[in-house]
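Listed next: structures, encoded as structure tokens.
One chain, chain A, appears in both complexes that follow, with chain B as partner in the first and chain C in the second.
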Partner chain A sequence: MSTGEQALTVSAGAKTRPRKAATRRQKQERLVAVGFLAPFMLLLLIFQYVPLLVMARNSFYDYSLLNPAAEKFVGLRNFADMIEYDDAGRSFGITFLFAFGVVVFVIPIAFAIALFLNSKLPARGLVRTMIMLPVVTSSVVIATMWSFLLDPSNGLINGALDIVGIARQPFLTSTTQALPSLIAMTLWQQVGFGAILFLAGLQGVPSELGEAARIDGATRWQVLWNITIPLLSRTTLFVVVIMTVFSLQAFAPAFLMTQGGPQEATNLIVYHIYNTAFIMQQAGYASALSVVLLLVVLAISMVQMALLRSRWNY
Partner chain B sequence: MTTTRIRRTALTLVIILLIIACFLAPYAWVVASSLKNQFTVFGDVTPLSWRAFVPVGATIENYVSLFERTNILRALLNTAIVAIGQVAFTLLLCSMAAYALTRIKFPGANVVFMLILLTFLLPIEAMMVPLYQVVSGLGLSNSLVGIMIPWIASPFGLFLLKQAFEELPTELEDAARIDGAGHVRIFFSIVLPNVKVPMVTLGLITFLFCWNSFLWPLVIVQDPARQIIQVAIAQQGSPTQLPNWGETFAGATVATVPLILLFLVLQKYFTQGMATSGIKG
Partner chain C sequence: MKIYSIVFASLLGATALGATGANAQSTPACTGETVTLRILRTPGNYPYPKPMEAWQKENPCVKFDVNEVPFPQLADTISVQAASSNPPDIIVYDGPNTQSYAAAGILLPITKYLPKGWDDDILPATKAEHSYNGEVYSPGIEQTTVAMYYNKKLVEAAGVKPPQTLAEAWTWPQALEAFKKCQQGPAGAATVWGLGPTRFGNGQPGLVYQDLIYQRSAGDPKAAPTSSAYKTFWAFAPDGKTAEGYLNTPEAVEALKFYQSMFNAEGVAPKVGIPNAFFDAKACFYIDTPAAGNALIKDPKIEWGITPLPYFKTPVVHTGSTTFGATARSKHPEIAAKFVVDMSWGEYAYMNVSQRGNLPTLKSLFSRFDVYNKYPMKVFVDQLQSWGQPRPPGPKFAQYDKIVSEALRGVAFGGNPAELMADAEKKVQRILDR
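And now, the complex of A and B:
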């Protein structure tokens, strides 16, 4: 340590010395850095930045993926179409509603589970393992499992409803119940992940604060409401953003369970983009839709970063 | 004191039963039904009995027909190849890049870091169409390489490892440098052996992401011989025939069990990695 510092001060002080030796060493270091970074950066540029540019460019063109060479520059036409026809607006609306529904239910339930996992009650390990099962299960298997759970005639949920004397429900085949069913499924899928994030936040809250308040006569609820929850506002914001961004990108439920129906009631935006590009072969319009989705997600992330940086620094 | 204890026990019991009913019962139903024929599956649900969750009179005929009728075995093999390749290359490239960013001083390091940071914000699913064009433009569509290559340079992996590298004390390296060791030797024989836990965590999360990926393989591969497991089970039923519930459940079980076993054994790493990063597959 001290020899290195000495060497640094010496080289910095001896300005009259020929600088060649130092630059050669620096050059060598640069070369090594390039060697270590090049593979990663090359792939990053090809598979993240190039697609970004391709997408931005193609949103001004009319073309199909089957014959991309036959493309036509249409200016802002794709974006104008988005306003003129109501498919994009409706799909984005459904997707926002879906994301909102997921977030509104995930946050309180995940928080409650995290409180349980952070308590001294028994069987916490078992509960944590069980709620994490859907998190490691693929969205394809979850979508398959739930379309059978929700089946109107032979599904498990309708079987359970029979027992408690509630009428059978159509679920995915009903225009009013399809989206709420997908929200319930996504809640089930994501709540364990949210709980783990909240648990990490709870473990960072110093227990002395709550204990001191309890000694001063505060009730458990007061401690929870006035100390724990405000201290976790950063974690909460983090979970809200992750769940929102995740929900905005949901694809498998619409593709496997409802095909966007009935009557486009579950036409989530990524499924709409997939259909537009790969089935209807309107890749230019799909690129324009992707640009808007990208901007929405970026905006949400930016707001999160700004809030995390400025406020709520306990 | 005793009433509080009774209330606590009751509360715990209710919570556990509720969690079992919500989270374990669907899995039990799927696995049990995969071992039954269609009539038994339906009969056990209406009216609902305990038999729905237990494979009474189990038969493996669904699994036999699944492996005979579909190319699921091939899909499992493809998935294993893609997952192992993706894990190996992600670990290598991310750790090399993290080493350069934490151990070598070079001009432009901030620019490089910003470039990586920005990709963290890009929503993957929104980029399917242009990514398809780039990858097929490189002649990699319909190949296992095409499935894995876009995700190898993972910004999430880089951040995870960069953090671990920063926490690693540099004394050992300084000593090795004085003894004349270069960066390559320090990287392989000093830094890497000391970041085993984050490397295992990243490897597991990459494996999970890869095993469960669906939209991208669906888009980039059409050849059934190169398909991976999630797409294979999503397309196992032919659209003209009524679904065979038992066989569909058998497919779902085959696609899920390896991952759940892995999760149960290495749960600590999974949970830790997800909690610190906030990103999953």
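And now, the complex of A and C:
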């Protein structure tokens, strides 16, 4: 019987036993726990859940932030508009593409960096610092820096391309290159976070399993493929979910670097919501978009959790 | 004992001196109830301290509580604060938003507070921009417009002689030739650009204020109202009900093809911002407001001149500046309106305008600004009076501005002008239909 099964048996047995009355010490500990949790829960309730309810309610109204008192109940019109007009579908599509691009590249690169950091190779400290710097740097600074790097006329990247004889690229001013450019920037920014998470996972993998496999004649690649990666499935799930949610909520790159352009090629959904509420003054429609985004993020996270559910434990 | 006496005497003396100073600077005492006017403005913007202090001497019962937000956050802040239970009494805002704020009930109509003679003295473009449904909502203080600055050394070295009067103004194809002659380095990656990038926003092209002028100047306001030439000039239905047929016209598309070529085929203008490009001699020509000229007068980093803005068929420049108004939900609407009107009339208006150096909105003040009576800054006054038009006004200006700016930027970046303008028309219509 595996450890996991034993644990399951123990917990199932525990359910059948009558509940013991809590001791005075346990009651005190619970009170302390509630005391510590209460302020945060209160803040969460006021600043997260109540606004969510207000947002859900507002999604059935048509109003402008300039004059919210003149709101009109429009039923499902805001949701119907998402189907009738192509802005929502297009923006969601671009956002999914962005999230897909980020996740697909972050996972293997972050994993490779984590393997390097977990090894005994030289310069690990330097690499760790290098990959963590973008994570802790302000998004505004990163966006400004990348805007200069990607300048279509005199940017550093175009300068380098020029030296090797490649024609200058328009990057952020091109409808086909703007989104990949934002993906590359986000990848550079987030890969360090993914690597640190993978590193934590790697350091929790029991070394005996790998050593036993090596004694049995397995190659390093076989150990990695058949032992390390499967045992890291929980970490992988966490990184995938976190990166997906981060990417679906990305705002700064579109706001600071492209304003959603050119021709809406980088009109990420959160930027579109901001734009709809604050510039277009359609706060009801923006609320409806937010409700749909919330449901989409929830659905994607649930699907990811179902597909990547851990089959191994240690 | 002696030391204590000296210290005591010094303190007494200092107190007496302080009291004398306070008396000398004090304003007349308030005999009634004190009113505090809350002002929301951008940093370095009017109403300025000097005229405010002078006004307070005449109105000793009024105090001010000034809050400042950077210009890029101004519209968002107004959106949030105007709807709050305690909105500011006076807001400084971008002039073309007047009709949006008036329609939303944010601004107080001030027509009845305006002094005699205001109608004759105010610039027509300012009055049009600040009025809605027959009421004036802001008297305006300053007015701006754009003209084309040039770097004398670079331009002369290229053998180009820009015109200095409106009568000799270039057409855009003539201007393009000058840009090409003066530019240094390869097209699209110049070391000195023919036409420098804007300093507004993030420096990218497409702003309605500066770039809608290209297509509007390809129109004709004297043509039949049903003609595409007429619609091209106005770029929005005069009744504010539609943009369809006003942006995607044959004349506009032709002008936009030319506009697009400057950033692409001809490569004389950059697609992204270059901070201080003109002031660092990295651009021969540069489009900006009088603020740039005033900065160069104070600190002449380069030798410079001004040429009127080029055009295709009809010369036109956009007007508009930040302005201010009293809020409809102010707790002291009468005093707020009085303050706003007083600050924009007579000596107070002169004090405010002279602080920053933009153009006044009152024609009577022009003669008091020497700098605007002679070349180069006179070009601004002449343009304003002969060519000035507000940006297409309407209660949905902010939305129109965003949609059309994005379309223009798309054109500059290489998009299809007809498709982008048709799309912009649809988007504007969707907003208008809501």
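Everything that follows uses one rule, which is that the second predicted complex is superposed on the first by the 258 of 314 C-alpha atoms of A that agree within 3 Å, B and C clash if a C-alpha of one lies under 4 Å from a C-alpha of the other, contacts with A are read in each partner's own complex, and residues count from 1 in each chain.
Definition applied: contacts are C-beta pairs under 8 Å (C-beta built on N, C-alpha and C of every residue); 3 or more make two chains touch, one makes a residue touch a chain.
Worth saying up front: this structure is predicted, and the values here are computed from it rather than measured.
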Report for A:T173: first if it touches chain B alone, second if chain C alone, otherwise both or neither. second
Note to self: With both complexes overlaid on chain A, does A:A286 touch chain B (first), chain C (second), both or neither?
What the structure shows: first
- Tell me which partner A:L65 touches in the superposition: chain B (first), chain C (second), both or neither. both
Worksheet item: Given the touch rule stated above, what does A:M132 touch, chain B (first), chain C (second), both, or neither?
Response: first
In the overlaid three-chain picture, which partner chain does A:P152 touch, first (chain B) or second (chain C), both, or neither?
second
- Task: Report for A:G261: first if it touches chain B alone, second if chain C alone, otherwise both or neither.
- Result: second
*asked:* Looking at A:F278 after the superposition, I want to know if it touches chain B, chain C, both of them or none. Which is it: first, second, both, neither?
replied: both
Per residue count on chain A, the busier partner among chain B and chain C is B
Overlap of chain B and chain C contacts on chain A, residues 65, 68, 153-154, 158, 278
In the complex, the residues of chain A that touch chain B are 1, 3-4, 29-30, 32-34, 36-37, 39-44, 46-52, 54-55, 58, 65, 68, 116, 121-123, 126-141, 144-146, 148-149, 153-156, 158-160, 162-163, 188, 193, 196-197, 199-200, 238, 242, 245, 248-249, 251-252, 256, 270, 273-274, 277-278, 283, 286-287, 290, 293-294, 297-298, 301-302
Seen from chain B, its contact residues with chain A in the complex are 8, 11-12, 15-16, 19-20, 22-27, 29-30, 41-42, 45-48, 52, 93-94, 96-97, 99-101, 104-107, 109, 112, 115-116, 119, 121-135, 138, 149-153, 155, 158, 171, 174, 178, 182-184, 187, 208, 211-212, 214-215, 219, 230-231, 233-234, 245, 248-249, 251-252, 255-256, 259-260, 263-264, 267, 270-271, 274-276, 278-280
Given the complex, residues on chain C that touch chain A span 75-76, 78-80, 82-83, 100-101, 104-106, 188-190, 202, 204, 270-272, 274, 398-399, 402, 406, 409-410, 413-415, 420, 430-431, 434
Per the touch rule above, chain A residues touching chain C in the complex are 62, 64-70, 85, 147, 151-154, 158, 168, 170, 172-175, 259-264, 275, 278-282
